[in-house]
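There are two complexes below, and they share subunit A, which is joined by subunit B in the first and by subunit C in the second.
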Partner chain A sequence: MSTHKRQKTGYYPGCALEGTAHSYNRSTKALGKKLGLDLVEVKNWNCCGAMEVKNIDPKLQSYLSSRVLSIAANDMGLETVMAPCNGCYHNLKKAEYDIANDPATVETVEKLSNKAGHKAYSAEQVETIHALDWIKREIGEDGIRERLNNSLAGLKIANYYGCMYTRPRHIFPEKDQGGDSESTFKPHYMDGLLAAAGAEIVDYPLKTACCGGAHSLADSDISTKLVLNLLDAAEACGADVIATECPTCHSGLEMHQIRAETVFQRKTKPVIVYFTQLLGLALGIKPKQLGIHENISDSLPLLKERGLA
Partner chain B sequence: MPIHEKSLIRPENLRVQENLELEGVDVSGHWSTFIESRVVSDYNEAIEDEIAALPGGEYIHRCWQCGSCTNACTVNAIDAEFNPRHWIYLVRIGLESELLRDKEIIWQCVSCNKCTYACPRDVNPEGVMKSIAHWLELKGHTAKSPAAHFDEVFAGQVFATGKIEEGRIIRGFFARTGQALRQEWLMVMARRMVRHLPLRMMFVMALGSVLQPKTQGWGRARAAIGEHVAEQKAREHKALGIAGQERS
Partner chain C sequence: MTDFDAIEARIERLGAAPAELLAVGEEILEHWLEARGEIPGREAREGFRLLALHRQAARGEPSFNACRETCRELVYRYNLIALDPEHPETARRIKLAAMAAKHLCLFVGGKMTEARIGEFCCASRDARGAAE
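Moving on, here comes the complex of A and B:
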């Protein structure tokens, strides 16, 4: 991959990365800088619709996401937009799929874009990728090995991908294509990258189980139960760390780990760290620059003990 | 019913005699159990079309009752009463009274999309769950669920400014549902959140919740979305044959 000409990659952080997931934003940017990958933020972006707007009307969600894609394509001439948040990534992919396949969505998107005064997005103008795709394509596992500064050796990691990165399958046509493509059934990009960084990856059966993020506050008891499943399984696999690649999953795990402790007196051990933070440490970036101290789940004592922070 | 993981036999219709002797044979207790017969005559065959008219429910007619959705379901693994296949079946045959027995839990779908991933007929069961929950509220069978309140607070902020600010959402949702913000677990979380943070960072965060993030030049998009939502609501009310007033 190192031979291909690098285009600037559009960066769509989304609302969560400017709020509770500030450390994911920070570590993603720090990683890009360290690896010499240019990110250019999509100008004046808006919310993709998250998990809520579709419950009012899925076509409205597609419009919101399409506005982001339209700015990237028509105002900035970008060919690729990278979204580190699973919700944003999923919604941009969903909008892409619906605009390519559903005439009713196209009609709504065109009508609303005209009224709002911007060019309507049309299918295939931009490719949406996740932060995992970005690192995997631009640097790859070999690239991580070459740049390794502080191996994660001895750190046992359970990789948690959540729901929106792989489901439903049809909005991710590039996945499940065999070879090195990502799998929707058993995703492996994070496993590969963190293994290249020296970590011991445990065989985690709940990689794509749900954390209840959609109802984290509206139905807290179900979310706490689902998060406890994730934590218990990781602990049973011997994992010290659950690596995440989604701000909703990450904050859901952090919140409900505390809620399980406080409300149900169920204490669990694994600490929760963004994969960008773990990769950053392995490449020799300082913990502060990766925002590790901003996480609610306190991984610093463990990382210090292992000589990683 | 093609799949028997959910019974249509109502517990209150089971009859057991404590002391019963039939032709000199003691058949007391469960030997004497019988099911009181009932004839269902209150079908509401309009439900399927009404659900199909709400966003997400469009493809309910494709279902062939294989049960893959329920088998894959995250919430079903926690609560066996939560059964998407069963509810799709009830809607399709118009058994409204049976559907209403589960009306308080249908909104609990967590949108993990495992059902939609597993469905061989592209029914989009996740969307169908949302449309059934929405239908129950529009018809006045249930109060607005906590999830519906959350969606409205969240979407309201997106529609108004183009972006959300999480602190504002949490405060808005707790106020609307009458919950105290000072819950022990939230306080513990807040304390841990600031544990390693320098004062400057806390100041920036506090500022973020005062200065609401906005998308510049959002006015025309806001107006367009407002019109779209109003048209959408009018269409839904018409399809369900209910008066156009907004419930809140």
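Moving on, here comes the complex of A and C:
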């Protein structure tokens, strides 16, 4: 078992994990605790700018994300910030890229930081990582195998990463570097970790396809059709479970799975579970501690049937 | 029935014709390009017109890259099938390729339907009407 001294990792849950994705927040913290990983929540964090701000003023979004990074670096002395939400992860990475490459963004960030009374964030003060990077780097597949308490054997999983984990490629310079780096075309970190936990990973063709999240309010039928296709494809691959790592994708899949039943009379079988919940179960954490009961998608009957809950 | 509904229905009916799936993908992107007043290119990228069309379609429209990997997946599935048509998994591979094509159809069709609602996946103009 690895004994290297681990650094504290800054934890930026973002707004979704305090709301609809409470179970992702709960399971991420429980998993970190079980694995002995030190997570320190970024103090007084704010919204990353999400889509709402970015669509109106991308530089203001960069400032909002940079404030989170500035607190982590300048007030807390952290070198790494982990964001489990794909939207937050994307926005923090985008802010990092823009601050490193766009003088106009730097100007806006400095101006607004001064006005807000905090030190402006400078490029490369902090590294932003996703929850998948965090587990992959700190524990890895071997570490999961060594700690396995309740194998996921017999569980067929389609891993769904969503479109923002890898897009746009230029803000993720560490990806597509060959070897063990993450791929933007066919991401594999979740596949590797859950396979190490004993699960059978199916060859899922829509790993990074759009979940229709942004269509949800304007045209729910489009979102429902997109989600239905994701669910149909998982079923066609023989998956019992769709594992997620994004709160927007997760809640979209859950809600539109139900909506597909009522609007299109289409019932689909796969249950939707966060990868942190699945890893937690494999490591012997109780379902309640992982917030399995808080998911809308009811995975408990399946997990009980497979001896996992 | 709209063009995209018709394409979706055609995808459902497609059998063991992976080249047709690629052609359907190209047709979907042609609709998007024509609705934006562009002439769809004839060139290929990495050996596939579909990938060149996607690149053209995403020019000036970064949110369109949300379907880039779906296009690449379609090409990947096509290669799997074309390189070994007798493989015992071929029928399943065709089914999965069809699902990637259907997703592309739903995504682009949806994007064209939505009008001016943001920079992310929905940054489309009200172009679907113009295409039909």
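In this section, the second predicted complex is superposed on the first by the 306 of 309 C-alpha atoms of A that agree within 3 Å, B and C clash if a C-alpha of one lies under 4 Å from a C-alpha of the other, contacts with A are read in each partner's own complex, and residues count from 1 in each chain.
By our rule, a residue touches a chain if its C-beta (ideal position, glycine included) is under 8 Å from a C-beta of that chain, and two chains touch if they have at least 3 such contacts.
The structure presented is a predicted model; accordingly, all values stated were derived computationally and were not measured.
Student: Once both complexes are superposed via subunit A, do subunit B and subunit C end up clashing or fitting?
Tutor: clash
Student: Between subunit B (first) and subunit C (second), which, if any, makes contact with A:Asn46: first, second, both or neither?
Tutor: It touches subunit B, and subunit C stays clear.
Student: So, does A:Thr262 touch the first partner subunit B, the second partner subunit C, both, or neither?
Tutor: The first partner, subunit B, only.
Student: May I ask you to name which of subunit B and subunit C touches more residues of subunit A?
Tutor: Result: the larger residue contact count on subunit A belongs to B.
Student: Given the touch rule stated above, what does A:Ala233 touch, subunit B (first), subunit C (second), both, or neither?
Tutor: second
Student: Would you check which partner chain A:Asn55 touches, where first means subunit B only, second means subunit C only, and both and neither mean what they say?
Tutor: After superposing on A, A:Asn55 lies in contact with both subunit B and subunit C.
Student: Between subunit B (first) and subunit C (second), which, if any, makes contact with A:Ala116: first, second, both or neither?
Tutor: So A:Ala116 only meets subunit B here.
Student: Touching A:Ile296 in the superposition: subunit B (first), subunit C (second), both, neither?
Tutor: The answer is first: A:Ile296 touches subunit B but not subunit C.
Student: Tell me which partner A:Glu18 touches in the superposition: subunit B (first), subunit C (second), both or neither.
Tutor: first
Student: What is the contact status of A:Leu206 with respect to subunit B (first) and subunit C (second): first, second, both, or neither?
Tutor: second
Student: Intersection of subunit A residues contacting subunit B with those contacting subunit C?
Tutor: 51, 54-55, 58, 163, 166-168, 184, 209-210, 212-215, 218-219, 222, 225-226.
Student: State the interface residues of subunit C toward subunit A in the complex, per the touch definition above.
Tutor: Touch residues, subunit C against subunit A: 62, 65-70, 72-73, 77, 92, 95-97, 99-100, 102-103, 106-107, 109-110, 113-114, 117-122.
Student: In their shared complex, at which residues does subunit A touch subunit B?
Tutor: 15-16, 18-20, 44-47, 49-60, 63-64, 67, 108, 111-112, 115-117, 163-164, 166-169, 184, 209-210, 212-215, 217-219, 222-223, 225-226, 254-255, 258-259, 261-263, 293-294, 296, 298, 300
Student: Looking at the complex, which residues from subunit B come into contact with subunit A?
Tutor: Residues in contact with subunit A: 55-56, 74-75, 78, 108, 110-114, 116-117, 127, 130, 134, 145-151, 154-155, 158, 162-167, 170, 173-174, 184-185, 188-189, 192-193, 195-197, 201, 208, 213, 215-218, 220-221, 223-225, 227-229, 232.
Student: In the complex, go through subunit A and note every residue touching subunit C.
Tutor: 51, 54-55, 58, 163, 166-168, 184-185, 203, 205-210, 212-215, 218-219, 222, 225-226, 229-230, 232-233, 236-237
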